[in-house]
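In the two complexes below, chain A is the common chain; its partner is chain B in one and chain C in the other.
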Partner chain A sequence: MSLKNVYVAKTLDEVLNLLNQYGCESKLIAGGTDVIIQLREKEISPKVLVDISNLSEINFIDESEDKITIGACTTFTTIAESSILKDKLKGLVQSAESVGSPQIRNAATIGGNICNASMAADIVPPLLALDAEVLIESKAGKRRILLDHFLMGKGKVDIKPEEIVTAITFNKPKNREALGFGKLGLRKALAIARISTAIYLSLDEENTCRKIRIANGAVGFRGMREKEVENIFIGKQLTEDVINMGIEKLREELNQRLAGRSSAEFKTTAIAGIFKKALLETANNCKE
Partner chain B sequence: MKKKGVGIGSTFYGTGYGNGFPDVSRAKAVLKEDGKVAVHVGATEVGQGSKTIMSQMAAEVMSIPLNDIIFICEDTKNMPDSGTAAASRQTYNTGNAIKLACEDLRKKVIENAFKELKLNSSVGLTLKNGEIYLKTLPSKNISLKELALCLLKNKELPLIGEGSFTAQTIEMDEETGQGAPYWPYTFNVYGVIVEVDTETGLIDIIKAVCAQDVGKAINPEMIEGQMDGGFAMGLGYSIYEDLGLKEGKMKNKNFTNYLIPTALDVPELEKFIIEDPESTGPFGAKGIGEPVMLGVAPAVLNAIYDAVGVRITQVPVTPDRLLRALKEERRE
Partner chain C sequence: MKDINLKINGKSYRLSTNEDMRLIDVLRDELGLLGSKEGCGEGECGACTILMEGRTVNACMVMAFQTDEKEIITIEGLSNGEQLHPIQQAFIEIGAVQCGFCTPGMILSAKAILDKDTNPTREMIRQGISGNLCRCTGYAKIVDAIELAGKLLRNGGNNCEA
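Here is the complex of A and B:
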């Protein structure tokens, strides 16, 4: 199949109609920072491209009493500069800032990052740690699904050809709660994560961990929650000993998951420093 | 834990083909009808700035503005061979050939001028700021432009100067190891401060200093540019650029995996140009193209040793290699 048409959509309705009409012969293109490469490498060969990069309807960051919602076409530059997301959600900002280079961040979108479903997608661990939901629309209607369920595997997400992701939504951090992020890339810009980690933490006045959600990237076939590690922390004070126990557990998990890979030794060693730094930063941020 | 270390890497490098191999550069300098001088030379501009500095050299000998030099290179129909833009040899070798060609043209210009000026000889005639004049009586003068017009009328153009320079090197005796395989040598030293993260294996270059012997700086700003570029390349070689050779095959065949430093990875480089004119060099200049990158890796590896006490003997020092080396060290 060769590319016949590119539709530059102005409204969501237009997109839903096009997707409905062309189904699996169509491909959404947002920032295009993954799609263009896949086209060139002939990994995909859609008949029509539906360009949603100008779709202002799904380019927004919204704040309500207890929720924050980010439109799928919001770029990483917008996320990095958002006044809504700073402070308690610093982890989200840091992950957006760590993507590629300024040029990439100006084009690349949060929706594209999630739907491309790379194991190293930088925005995925923070959103998993936030227990975010994905909002999806098609001509037939709307649905919502936990990101953790939406991500199915390397390059695979739970979406039908007629559907589009319109937004991502999650609960706002409450008092003494915060989101942190850490990434190991091999250089300071344009570095694909070798390891990324995100921690959502809720601490009480005694420094005891009320709630914690940990998600890592680039250490499995998709970004994933580390529930076994979370269990180590819950109900305990964040002492040096507890942190070290958590790190030991994390290493065990990675060791199993990465067994047989050439990167296993490096990643199970290096995760300690990245995780610990992110955890301590998050804990500090909870108190502020 | 983050650990700091300081390292120095010092190198000396013989420029040119060396070891007795004929290293020849040729050049032609031609007086044009409008008094401008065309330099025909086989030096290839590969971004190192040869066009600029070689034009400067010609302008200096001919004592005319840089804009009056027409530099013709990279067209084999119109130029003599000046060898490759390799071995950091163009400034020294081809610079010398251009200097010789321009000196030859300058002599011919003066000889023609004394005839035009109807003097007894060329003694005391000099060429300065585009004018040929008698030092003892400057009102006896003719500009290059006027001279060119006269020569044109007399059908004596083009006036051509030629130069050829062969570097002096002597093959090493295989038995004794004696000889003089290179001349000249260029000296360089780098100092770096690194910060090694012992938990992730990441290396951060915090500060870097380069002192570069240049003989004589023909164009100081361009030498600084070469130092910045050489440092970035040397840095890539030290800690990033990994072909991933496996049984002779490259694993990292694209810039996703073969990492070169980005602007954020290259710290400010403090630069010192050391001038000690080389007596056989054009205006004392020597080549610095390759020398500016050689000292980086030894300096970085020494700094890593200073920081964490581990001698790494393989580049690039990627985080996984460094962590492995640290682990082995702990085991011993």
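Here is the complex of A and C:
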């Protein structure tokens, strides 16, 4: 057994000190739903485990005038039940509700989902569509980075061994803006996303798309923005024709990205339905 | 070794555990609480579901040292001596148990549902047990049993005749 020491951290300071001391010999554990599997399959073999699941300092959902900040140790159950994150941010709630099972949602955290960097991470597409930033701390100081830059690839994020993600922050939707989400799994509960999509939309009174950010999960080596598709929509009215043009572009993008994979044909077909449903729901939510 | 204080089913235990032990290992191998089952060992099947601080978690997905000072309830903590808990009584009454492997976890998920609301809809029940796999019953009788358990709890007992 490589594991020599385990700590239950009570304060963020304690965590920063431990990370500073042990660096790459240490691993943080919060909900444990990914880390414990990795430990048992010997994908990771840290000498020190630092439990951060009791850190109330980074377990919060905070709303200011124009921003929402979610502490990294906030569980999916807390996100799904939050009174701050409903209505215009329904997409975030739906994605949290779609994670695993009640047992998993009671333990697993938003910070863990991001740092584990699965290509199918449920919370990543909505956060990318929100253009969220990741707040990171170490003993040396704090930094913030766009989630889009933080995610480097499958299982890879831009974090140093002595750093910890403390929170995720994004702008609150304004009038006639909303976030939507859609997911296709093999079944309803405990399903790894085969495709997930998130759409942040801003519509004016004439149903014209002022802003749109689209992000998909499980159709690339990480959750990613679909900027080419976004360009189809910007400045145009959301008519049936424009939506179909957008879907065509999306399928083109996926076709390129998934070329050679056995799932390519299924995914490029299925994305049309998932995306259209999520887009129409988001557009309706903008108008409410 | 790591010393931890466990509060399981209202009893306190002080234990020295290996750093790499999970809660399910401590429950079964150290304390002999064999009600919680280990099925898949990766959070899919829910057979090891227990209540920690009132919420369901998979005991295979929690490291033992993380449960220091936490309030834990396992299936062994539900009955009051010979007196079965209304949920247990309802599972027997309806015939919601076949092989029984999923039953302890299923009953604790049922408890979490009914602790929130003793009159849940069938959809709420299905959602609440969506992390517990049963390969025997087809779930219908389990949902029936949880409905009956809600009724028993609302009537304040476990008399199925009433």
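The definition used in the following text is that the second predicted complex is superposed on the first by the 287 of 288 C-alpha atoms of A that agree within 3 Å, B and C clash if a C-alpha of one lies under 4 Å from a C-alpha of the other, contacts with A are read in each partner's own complex, and residues count from 1 in each chain.
The rule is short, and it goes like this: a residue touches a chain if its C-beta (ideal position, glycine included) is under 8 Å from a C-beta of that chain, and two chains touch if they have at least 3 such contacts.
The model shown is predicted, which means the values in this text are computed figures rather than measured ones.
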| item | value |
| --- | --- |
| Partner chain in contact with A:L184 - chain B first, chain C second, else both or neither | first |
| Which superposed partner A:L280 touches (first chain B, second chain C, both, neither) | neither |
| Chain B versus chain C as contact partner of A:T33, first or second or both or neither | second |
| Touched partner set for A:A270, first chain B, second chain C, both or neither | first |
| Touching partner for A:Q103 - first (chain B), second (chain C), both, neither | second |
| Contacts of A:I192 with chain B and chain C, given as first, second, both or neither | first |
| Partner chain in contact with A:N5 - chain B first, chain C second, else both or neither | second |
| Comparison of chain B and chain C by chain A residues contacted | C |
| Intersection of the chain A residues that touch chain B with those that touch chain C | 101, 188-190 |
| Residue numbers on chain A that touch chain C, as the complex places them | 1, 3-6, 8, 29, 31-33, 36-37, 39-40, 49, 51, 53, 77, 100-104, 106-107, 188-190 |
| Residue ranges of chain C touching chain A (in the complex, touch as defined) | 2, 18-20, 22, 41-44, 46, 49, 55-58, 60-63, 65-66, 68, 109, 112, 127-128, 130-132 |
| Touch list for chain A against partner chain B, complex | 101, 184, 186-192, 194, 263, 265-266, 269-270, 272-274, 276 |
| Chain B residues within the chain A interface of the complex | 197, 199-202, 240, 256, 259, 261-265, 318-320, 323-324, 327 |
